[in-house]
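Going in written order, the chains are labelled A, B, C and D, and every chain counts its residues from 1.
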Amino acid sequence: MTSQGKLKVGVLGATGTVGQRFILQLSNHPEFELVALGASASSAGNPYKDAVAGRWKQVQPIPGNVQDMPVKACEPEHFKECAVVFSGLDSTPAGPIEAAFRAANLRVFSNAKNYRRDPLCPLVVPLVNPDHFAIIPHQKAQMQPQLDKGFIITNANCSTTGVVVPFKALEEAFGPLETILVTTMQAISGSGYPGVSSLDILDNVVPYISGEEEKIEWETAKILGGLKDNNTAFDLHENSPLAVSAHCNRVPVIDGHLASVSVRFAKRPAPSPEQVKEAFAKYTCEAQKLGCPSAPQIAITVNEEADRPQPRLDRDWQNGAGVNVGRIRKCSVLDIKFTSLVNNVMLGAATSSVLNAEIALRKGYLS
Amino acid sequence: MTSQGKLKVGVLGATGTVGQRFILQLSNHPEFELVALGASASSAGNPYKDAVAGRWKQVQPIPGNVQDMPVKACEPEHFKECAVVFSGLDSTPAGPIEAAFRAANLRVFSNAKNYRRDPLCPLVVPLVNPDHFAIIPHQKAQMQPQLDKGFIITNANCSTTGVVVPFKALEEAFGPLETILVTTMQAISGSGYPGVSSLDILDNVVPYISGEEEKIEWETAKILGGLKDNNTAFDLHENSPLAVSAHCNRVPVIDGHLASVSVRFAKRPAPSPEQVKEAFAKYTCEAQKLGCPSAPQIAITVNEEADRPQPRLDRDWQNGAGVNVGRIRKCSVLDIKFTSLVNNVMLGAATSSVLNAEIALRKGYLS
Amino acid sequence: MTSQGKLKVGVLGATGTVGQRFILQLSNHPEFELVALGASASSAGNPYKDAVAGRWKQVQPIPGNVQDMPVKACEPEHFKECAVVFSGLDSTPAGPIEAAFRAANLRVFSNAKNYRRDPLCPLVVPLVNPDHFAIIPHQKAQMQPQLDKGFIITNANCSTTGVVVPFKALEEAFGPLETILVTTMQAISGSGYPGVSSLDILDNVVPYISGEEEKIEWETAKILGGLKDNNTAFDLHENSPLAVSAHCNRVPVIDGHLASVSVRFAKRPAPSPEQVKEAFAKYTCEAQKLGCPSAPQIAITVNEEADRPQPRLDRDWQNGAGVNVGRIRKCSVLDIKFTSLVNNVMLGAATSSVLNAEIALRKGYLS
Amino acid sequence: MTSQGKLKVGVLGATGTVGQRFILQLSNHPEFELVALGASASSAGNPYKDAVAGRWKQVQPIPGNVQDMPVKACEPEHFKECAVVFSGLDSTPAGPIEAAFRAANLRVFSNAKNYRRDPLCPLVVPLVNPDHFAIIPHQKAQMQPQLDKGFIITNANCSTTGVVVPFKALEEAFGPLETILVTTMQAISGSGYPGVSSLDILDNVVPYISGEEEKIEWETAKILGGLKDNNTAFDLHENSPLAVSAHCNRVPVIDGHLASVSVRFAKRPAPSPEQVKEAFAKYTCEAQKLGCPSAPQIAITVNEEADRPQPRLDRDWQNGAGVNVGRIRKCSVLDIKFTSLVNNVMLGAATSSVLNAEIALRKGYLS
């Protein structure tokens, strides 16, 4: 803990796109103090501003207190003093590095995909299922040797995050969903930097994002499901079969994943569009109740205008920490259809990890 | 008929976006000769190049033989010599003008929406249902007074056109579809000129296009359905209930409407993705069999690459006269899902009308 | 004055693009309180949120305290209590309305072009020439009848603003400029809403903006020049001939006008790039010295990276209140060349008017 | 020579962006027959369609006769039968490979930058200075051992090409230019694939392209200059000093480099805009006179509309083989200003090399 009573935290993959967002969120955080930055071996030893030169692609400049922080290799010894380590690593290095950090008894909040399907790791969208943290004691106990602090908590894929928040609100209000059909229109920032070539996306839509549809289809069930067996396993929504089908498209939008969604409820008759709208509007999540500083005031903002939400106009609402929905209406094939928007670089990435850590702090998982 | 044995044709709404496309398609057509151009009263009397000044937004220049053609008011007397009149009129003037032309015993092939739902007017996608022309004798007979030549044939909404061609191929191969869920990502040119403000669409997606979802949902049933009552009425697919649900989005793409589509067949078990792919590839339409000059060589091009079709790369294939599909795979909610692309300004608009006229010529409706 | 000691202010053209920016800047201003909104007669009588429905195109929502403010017709009687009236009117209505407001003894700070060339009206870029306010007593005295309060102060065209700030810094440091060659790449928001059609600008550059080149060429001389004849006339830089040539282009950028600039100094030898860079960096303007709340901390930010400033990354720096420059180097035709960026909707429009009023307040012109 | 009497030709760098354009231009050329494709060692041995899989980014599909052509390593032995070898190589491999091909007595027409400044290699824009081919005998003679066939001819940088054609027309009509100030707005395709990241260019302009300004400034003098010393050296415009200054910007445009240009003539008084317009319109180049199949009908198309040329609307005019100009008017700093457009992937790249070879064929350099 620092002299201001803040928890010391570190960021892995600090020079990457997600790492840059972590830095912006943590450089002036009321509860966390950023004390360690990790990047590839080639960057290690340099001041952050040099390590990231030519790759800092944020509208805000590099925070003054971070510019000269030394970048370290992603090795646990450099992060010993951190109560929390946030990982913005690419999936290739993330697997072994995150495991090594946990093995060194460090707490990892990861944005990488590697441990999302791990039967011991919670996959937590902070506005949806922080109750899944309850598997953490079991995760620690299963390690060899057992750990008293170290764990890995992952957050969801950015496009999954954008739809699972309204799905949770629907299940909470009306019981289980039965089928979900999602078509996404995803921003280029979802692919990192340099990511999508401009020649591929200007005046174009690319109807394919590798692995993305599978992520939405699989992650949704884990997130919407509960824990079982005395908090030692995930039930993957098994009590009520859930079929999810996704079409993923890349569009020439900088930030903000939009989704056209149709759902069918198990409950008959299905709720009306007005009831659904009301359920969205009144949905409140634990992060809000716990007073987390990065939580949105409104978890799901219901847009009333016929043509909203729109990525450019709505992605920065509430600093991108909530979800926007609109166009709630009857679906003649399933029950209800609507449009959903998530800021993929905020709630869809760094904000989720930071919020998860804020919730974990409040629930005692960081002590 | 002209000295070269071509049929004389005219274009209504000649200065608009669709009218410009008609002109490009007709200025060097092997069977039709463009002899009359109609536009608003304020343009009438001017040479075409002056009437359209500042609004010609085509990559190709105004054809030399059209530049100095005089623009006329949209009144039947100026089009008397035309065997066919193509209408690219906006819907506001289209209703009464097209009716007046028919009443003057002229044949109208219209791209406007006004008569698409008319119980006497065929709604024909040339690659799908030119058999609906068979209602024409009944349409003429119902007029007061009865007509020996005049009729109105409409083509479909641009986004409907892009999906109904693959649907037809599926129904031909596997019997009736039961449910269809379509999410479109539509080009800005679908909205005409000036149309969509750049401030609304740059770095953005607009999840709403007025009236578009209803058009897809309604038109699909009329087009895929047949005729009944001795060719005096449309059956609207009534023998096999068909539920269609559409989400329509505007994306920053110049030309080419992309759709993410999921379908369920009445037939159980449903065909496999491989069977569907084969059905698409072998689908051949009457326009091809009749040797229409504007028909595509391949009605439905099946793209094998994982990330195709794409608007920018595939919209001009075959001069935009066919449909491209790809990503044919199982849908875990309905049966099969795939991506479909139509060039909205070509097959989705002017090419459809011209092809309809070419088919009508071959089937004897223009004599 | 309000109970909080703020000056009451109004906005003309409140539903337009510039008017919306005025509202965002004034809804929470430390010195001004927004009490009156004017728009076209058709909007008058409605709450602001209804009057602007479908046209509010800002990332921020309509401020809560403005949503239900009644919109009034642009007539002086409705603005009597206002110490300052900001005009975001289009040029067509701006001429007579602004004159009528002045005649009613009201103070008008206008973003419209109508009175920029008026020999009695200061054309003030707040970071450059607030000394021109000294003509105000003469302006009032020339009115029939003489006015004790009413006047019109204009700010410059958005693209002029972006280059005249660095020009002022150069003249202050090195004496008069002799020739200026400016090529602009201007954002679509400079044209208002709906403004530029997406079909005109997507995947395109339009090498023409009506009247823009003339504005840059003429306004620069008035702004960089001084007052003469005992503060009763503008000298238009007449003591040192200044040739300005502009090429104006529209590019597919939402906000932020970029300019490639080459200049030649009267002084020989010309300053070096290093000297120019230093002159930019140390330039401080009166708005800063007076402590105006809307003034930037740094008037001219010098970007050191080879590829900056860029519109998307740098336009929101300092809330768009300053100018960014970069790529300062020798020009083999003139002396020095560099790149300049201004946020056209902020310093290039509403921020200039608000800053002018803040300066005027401090210099006693509002009492 | 082939059985149809065509010259056999090869392409180096066949899988790259420029190589793909060469293939499209050569797959159905009336005088050349494409018989050999060279690419990196890793591609060698594969059919072209496999070697280029995932990287073919052209609107046209891979020509049928090229799909299964085997790709070879870029070694002279595989190209022995080629009368001409076109090089679309990146600059890194281009230097040694092109030298090796020349040393093997092969004729290389290169789009790479490596030999543009070589004192023995002509830098030829086919619409401007094919008279520079006259140095070829000297180039061959200087090789060790002397060559009877092998040489290297380069074409210019894409942005240089777009301005040097109008400059040549001006010098031909009015004598030497004295100063030139060029600001370019360049398309993303100029940077190859994947090239410019979409995150860098969407809603943005990047005011820097590495090395580009120097290329324009240096190449212009070589191209506009003549030969000296009995056709053994380039005079680099030395008889009349020419100062060129360039600002280069990258804009979100797919194809087509636009330039805002100001020029000053040595001749006083300078020609009027009308005279300049006439000089552009009547300019005819040797490629046209010789009847080259890839030559444009009009070398410089003068656009009369106030807002043309525009990249999207004008880049494909004449298959991109000519240059478009517009907005010809007085410059208050230099003499005349105008806008110029070149299709950077056509005349700015592959078309130049092909045209150079067509001219060389007609002038006897290929026998």
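In this section, contacts are C-beta pairs under 8 Å (C-beta built on N, C-alpha and C of every residue); 3 or more make two chains touch, one makes a residue touch a chain.
According to UniProt, the chain labels map to these proteins: A, B, C, D = Aspartate-semialdehyde dehydrogenase.
Everything quoted here is computed from the prediction, not taken from an experiment.
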(message) Return the chains shared as contacts by chain C and chain D, ordered by label.
(response) A, B
(request) Give the chain pair, either A-D or B-D, that is connected by more C-beta contacts. (result) A-D
(message) Report the chain whose CA-based centre is farthest from the CA-based centre of chain A.
(response) D
(message) Suppose each chain is reduced to the average of its Cα coordinates; what separation in Å results between chain B and chain D?
(response) 41
(message) Please tell me the distance, in whole Å, between the geometric centres of chain A and chain B computed from their C-alpha atoms.
(response) 43
(request) Mind checking the centre-to-centre distance between chain A and chain D? Centres are C-alpha means, answer in whole Å. (result) 48
(message) For chain B, give me the residues that contact two or more of the other chains.
(response) 57, 202-203, 252, 254, 312-313
(message) Quick check: in the complex, which residue numbers of chain A touch chain B?
(response) 179-181, 183, 185, 202-208, 210, 217, 243-245, 247, 249, 251-254, 258, 260, 262, 306-313, 326-327, 331-334, 337, 339
(request) Enumerate the contact residues on chain B facing chain D in the complex. (result) 54, 57-59, 61, 202-203, 254, 305, 312-313, 316-317
(request) Write out the stretch or stretches of chain D touching chain A in their complex. (result) 57, 188-189, 193-203, 252, 254
